[in-house]
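In what comes next, chain A is part of two complexes: it sits with chain B in the first one and with chain C in the second one.
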Partner chain A sequence: MSHVTIDGREYEFEGPQSLLQFCLDHEIELPHFCYHPSMSVPANCRQCLVDIGAPVRDRETGEIRLDEQGKPVIQYFPKLQTSCSHIISDGQVVHTARSSKKVEEAQRDTLEFLLINHPLDCPICDQAGHCPLQIQAYKYGPEGSRFEFRKVHKPKKVKLGPRVVLDAERCINCTRCVRFTDEISGSGQLTIIERGVKNYPITPPGGSFDEPYSMNVIDLCPVGALTSVDFRFQARIWEMASTPSITTTNAKGSNCDLWVRDNLVLRITPRANPEVNEFWLPDEDRLTYHRFNENRPLGPSLHGETESASWDSSLQRVTEILKNSGTQTVFIASAYATVEDNWMLIQLAEAVGGQVAGYISHIEPGHGDGWLRTDDRTPNAQGCERLGLAPIDFPLWQARIESGEFQAIYILEDDPVASELCSIESLEDIQVILHYYSTTNQTLPTADVALPAAMVAETIGTYVNESGRAQRVVPAKVIKGMNRTLMMQMGLSRADRHGTPFDRWHNESHYIDCKPSWEIIPILLKALGAKTGPLGPRKIMRLISDTIPAFKGATYGAMDLSGVALPAIETEVIS
Partner chain B sequence: MAEFIRNPVVELPDPNPEAHFSEEDLVFTEDEKSRITDWVNQYPTSDGAVMWTLWLAQEKFGFLPPEVLQLVATELSLPYAQVYGVATFYTQYYKEKKGQIVFDVCTCFSCQFCGGYDILAYLEEKLDVKRGHTSACGRYTLQEVECLGACGSAPMMQVDNGPYMHNLTPEKIDTVLASLEAGQSLPFVSITLPQDEDEMGGNRRTDADAEERYLTPPRPRQTQ
Partner chain C sequence: MAVMTKAGDWKSYQRVLLPPVKNLHQLHVYREHGGYETLKKVLTEMEPQDVTAEMKRSSLRGRGGAGFPTGLKWSFMPPVKPDVPRYLCCNADESEPGTFKDRQLREYNPHVLFEGSLVAGDGMSLKACYLYVRGEYADWITHMQKELANAYDSKLVGKNMLGTKHNMDIIIHKGAGAYICGEETSLMESLEGKRAYPRIKPPFPAQSGIWKCPTTINNVETLACAPLILGRGADWFASIGAEKNPGPLLYGISGHVNRPGVYEYPTGMLITDLLEIAGGMRGGKKLKALIPGGASVPVLRADMIEGVTMDIESLREAGSMLGTAGMLFLDEDTDMVAFLRRVAHFYHHESCGQCTPCREGTGWMENLITRIDDGEGNLRDLDLLLDLCDQMEGRTVCALADAAAWPVRNTIKRFREDFERRCRPAVWAVNA
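Take a look at the complex of A and B:
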């Protein structure tokens, strides 16, 4: 075991590692801009300078020379070193800005240089509030600038591609974005042009920064130089609450944060999870948040009537339908819904005596890229498989539904009409009960009872990604009847903490009148006189993990925020 | 640079420039391709050959518009963006069309002190072209450049990314222009450090003979 002394405290380490990463791992803060753990180390921002010394060894004997007190004599490097590019070795002594005046001054001077041509337009900058340059200038920077001349003006609001905007003046040339396109995504679409004070990153003439992972550079940018076309000037960082969640546009289940202001999801950013998506998120995952806010139902509806319907009357109607149809009911599970919802659906089917047809598989061949996008456009097909549900055999079930074999069809959070499982005409003589997310659902016009279901941003539940990793989500948006402060796991923005429902910014219509399916189905079970089983997703999941081997270990405690890998199962290859 | 300090504005390069060369022109010959392959083989990755290849392209096409950079990128299997970044970093790669003869007059510190701006103004007058521009006939381009590393023989200029002209005076400019008009190539003048003057005949280059040898003039001893 080797030792390194940082600011007078001794730490143990093993194997070659960068000093900066070692410090960050041990919660020793070192200011830095260009360093990123998953990319090469150019050491060009010069912000992480530290003073490093090594014990002096006797040239002949090779032993460490000791002073009068018996302590090793330390010889310091003549110049300060960039900690990101320094590989620590045994016995080295490191001084950061906390214990060395020299380092403190060097870091302050570096920041003064970085800020010479920086426009300091923080009041209108999207990055303000979570900007490494702003934070580090406060903590380590000079009080003011001695630069009295005109700042260099560079192009502003340059649209690099369809989703990313560049403000070249704010750029500090850390090259993170360029390294991302070269080393991580491999598109090589960005470069730093010109030299000296004139340089900034851009696409070459005629080029467009349109790769499917382009928006990652926005998170990488340590200043506000790269901003999102979509989110630009939409909200300040402190007005939003961020809640850890996962993306549901594909079967990868990339970890993300949902940023919510006044109960509207305004953006989606990646959340680091080395087992799933590391630090990255594809653009398609980020830009799908509109579906959480727009075209949402106004409440349950009976035969398309929302105003006269209430949750009580709608659920009563569902109970009547299910009682009448009994074994002539077909249930359609959903790869969009959580494991808990699908499990509850199976319980309901058993109570009613109907059949579960399986789930509708949404495979889009050629969409996947072997990285964070998959052919499967649903988040939970693997979870359905592990519950024993199979993808619906289309010709078979099309024929069965059209033959009039069923009196009622119970659809969990999917759209069989849009996916061409059944036509509106074939459903005319069948009672349709639909759990749905959005008013654009094409099965909705034919639904007898339509129950608004909570989406991933509003529910608690578990999704299993394509590689069999169970990940749970917590609500980011509150639904009607839910209180953000009482839901202990939800993020709170400043406005959430200190605001009231009587504030002018508060908009009641952003609170969707929907329920999670795991809450709806037990009500039906109770009304049907069946056993409701465990109530609440945490208890449901505990029962599932105890009773179904494919979910062994998937308790809420074990999944926590980074998910848990489930035992491998043999899945049928979907052709 | 002086102009930039007065008005420090960096313009956005034209995102969709018009092509200068047709597709038939945009090819490397077999000979050129084999030279590029030789360069690529000298380095572990093809990045190393990018500057050689850009230079070759500039000699072939005269300057490096985006379509030529694209050609270089394709030839070396590098991202177009990377080649563009390299080409814009070096001022001696010409991104726009220049005259047949390019004068790079140094106006950096030492040359400025020794009359670099006078030389620049004299050339402006003589060639009837403004600094940073190309003459109407398209023959001459006059540029103001930063230090070319020949402060010992200031004021100086470089012609066509090639020979250095040292210790410029209006008379010397006249002779240089006259020989250029006559179609003669300019001589290579070797300048060595005073301590090296006696070695190697004052010429540190082994690949060119110095036609003219410059010796540091004896300086008067500094008196208080």
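Take a look at the complex of A and C:
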């Protein structure tokens, strides 16, 4: 085991690693801009300079020379070293700004330089509030500036591509964005042009920054130089609450944060998880937040009634339908819904005596790219498989539904009309019960009872991604009728933490009148006189993990926020 | 206390790098005067390690500005691996203000450069030599390409050179004219077709150079010395000029002298002798300042050059550097503020913009010096300039920030009165 002394404290380390990464891992703060753990080290911002010394070795014997007190003689590098590019070795002594005046001055000087041509338009900058330059300038920077000249002017509002805007004046030339396109996404769509203080990143002439991962550079940018076309000027960072979640656009289950203000999801950013998506998120995953806010149902509704019905009357109607249809009921599970929802559906099908047809598979061949996008456009096909549900055999079930075999069809959070499992005509003589997210659902016009279901941003539940990783989500926004204070895991904005009770989520028109399916189905079970089983997703999941081997270990405690890998199962190859 | 010249009997010195031979740039003339004989000797009679040993023994120090011992640099190349090609880069990107010596070699004696590259190629078992020439030297590039083609035709370069089993190519590469491309690591980036941002060292070029292969980078004049050393022997070379920094040296003399130009003499010439050779100061004016080695080295006041010789040791003692021996003599009428303004503009214009201190600092410096030159400056600006030097020096990937800071620091330090006179007074007289 090797040792390194940082600010007088000794740390152990093993294997070659960069000093900056070592410090970050050990929560020793070092200011930096250009360094990113997954990209090459250019050491160009010069912010992470530290003073490094190494023990002097005797030229002949190779032994460490000791002073009178028996301590190793330390010889310091003549120049300050960038900690990002420095590989630590045994016995080295490091002084950061906390223990070296020289380092403190160097870091202050670099910040003074960085700020002289920076526009300092923090009051209108999207990055303000979570801006590394702003934070580090306050912490390590000079008190004022000695610069008394016109700042360098560079292009502003440059639309690099359909989703990313550049403000070149804010750019500090850390080249993170360029390195991302070179080393991570491989598109090579960005480069630095001009020279010296006029430098800025841009696409080659005639090019457009339109790769499917372009928006990652917005998160990488340590200042507000790269902003999102979509989110630009929409909200200040401190007005929003962020809640860890996962994306449901595809079967990868990339980890993300949902940013919510006034109960509206305003943006989605990646959340680091080395096992799933590292630091990245495809653009399509980020731009799907509108569906949490727009075209949402106003409440449960009964066929032919324009006014929304009450939950009580709607569920009573469902109970009547199920009682009548009994074994002539077909249940359709959903790869969009959580494991808990699907499991509850199976319980309901058993109580009624109906059949579960399986889940509708949504494969879009060619959509996947072997990275963070998959052919499967649903988040939980793997979870359904593990519950013993199979993808619906379309020709078979189309024929069975059209034959009039069933009196009722119970659809969990999906859209069989849009996926062409059944036509509106074929459903006319069947009682349709639909759990749905959005008013654009094409099955909705034929639904006899339509029950709004909570989406990933509103529910608690578990999804299993394509590689068998179970990940649970917590609600990011409030729905009608949910006691928010019980949802301890929801993110808090500054107003939530420090404001008065009246600051919170005050606009009630943004509360969606929906319920998680795991909450709806037990009410039906009770009304049907069947056993309701465990109540609440945590208990449901504990039961599932105890009884179904494919979910072994998938308890809420084990999954926490980074998920847990489930034992491998043999699944049919989804074609 | 008069220090003697270290150049010995320089008045009878016979030029070797640029000998007085008409049309020496033509291949047949070069060969008539013993050209490519050294290459033949090296290829047929010498082992690679002997070549490097001979270079080490000659005590030749690089002529590109840093003065690193050439033989030692060659010996840094790792052991030969069969599937890893090794390269030489000839740095002909000469572009520092006041430096114009390599141009003469390219124009009047290109074959000595080719021969030097090939000799180096044998010494270090190289696959190819890239001749990275500044793009603005367009005429000399065509000129050299013509001569290189002749050499290829005569089987002096390429496959089976001079009928031996040795192969080596020389490729002339046109730079796009950025000063930073003269920095060895950014030169390699530029050769690879990338933006010329200097690389972090280590790894050094000998371990990981062009396309991550072992690479050595030498200046034009350094490589031109190689055939002389191996042809006439290291002892002959070491006996020329200053003991610790021997050899013939091209002095690029410019400024307010009567006969500016490139002069070949041994190292260790007295500055006063060189001034005499260049015909003395123009119009009989007095010398005010001297930049001994290109714009980046510290300027010397006229009273500091007494007894100083043009070699690394003596100039270091005098408080400057040999650099590229591009000597710029400035007479008593020179406005040092305007001079520094021009130098600062150069470094501002040429900073690649990779590292923060250099990118931002060079521009700020030019702003301040411009303000002083325009009569709008304050006395505190001088201290701020010195502060900025401290903030830039030694804190960047390459040495451009240092090269930008040194002239500012030393010109202000050594000519402070000139600057103070141009600044607005710190205390204004109050009208009674």
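Couple of notes before you dig in:
We take it that the second predicted complex is superposed on the first by the 558 of 575 C-alpha atoms of A that agree within 3 Å, B and C clash if a C-alpha of one lies under 4 Å from a C-alpha of the other, contacts with A are read in each partner's own complex, and residues count from 1 in each chain.
What we mean here is this: a contact is a pair of C-beta atoms (placed from the backbone, for glycine too) under 8 Å apart; a residue touches a chain by one contact, two chains touch by 3 or more.
Treat the numbers as computed from the prediction; the structure is a model and nothing was measured.
Look at chain A after the overlay: chain B and chain C clash there. In the superposition on chain A, no contact is made by A:Asp210 with either chain B or chain C.
In the superposition on chain A, A:Thr110 makes contact with chain C only, while chain B stays out of contact range.
When the two complexes are overlaid on their common chain A, residue A:Arg46 makes contact with chain C while staying clear of chain B.
By the touch criterion stated above, A:Asp375 is placed in contact with neither chain B nor chain C. Within the superposed three-chain model, A:Lys198 lies in touch with chain B and with chain C [touch as defined at top].
When the shared chain is aligned, no partner comes close enough to touch A:Asp513: not chain B, not chain C.
When the shared chain is aligned, no partner comes close enough to touch A:Asp219: not chain B, not chain C.
In the superposition on chain A, A:Arg146 contacts chain C only, with no contact to chain B. In the superposition on chain A, contact of A:Asn173 is made with chain C only, not with chain B. Of 41-49, 77-85 or 95-103, the segment of chain C whose C-alpha atoms clash with chain B in the superposed model is 95-103. Contacts of chain A with chain B, set against its contacts with chain C after fitting on chain A, overlap at residues 149, 152, 191-192, 194-195, 197-198.
By the touch rule above, chain C contacts chain A in their complex via residues 178, 195, 197, 200, 348-357, 359-364, 367, 371, 384, 390-391, 394-397.
Taken together, the chain A residues at the contact with chain B in this complex read 149-155, 158, 168, 181-182, 187-195, 197-198, 200, 202-207. By the touch rule above, chain B contacts chain A in their complex via residues 5, 8-17, 66, 69, 78-85, 88-89.
Residues 41-47, 49, 78-80, 82, 85, 106, 109-110, 112-114, 116-117, 146-147, 149, 152, 172-173, 191-192, 194-199 of chain A are the ones that touch chain C when the two sit in their complex.
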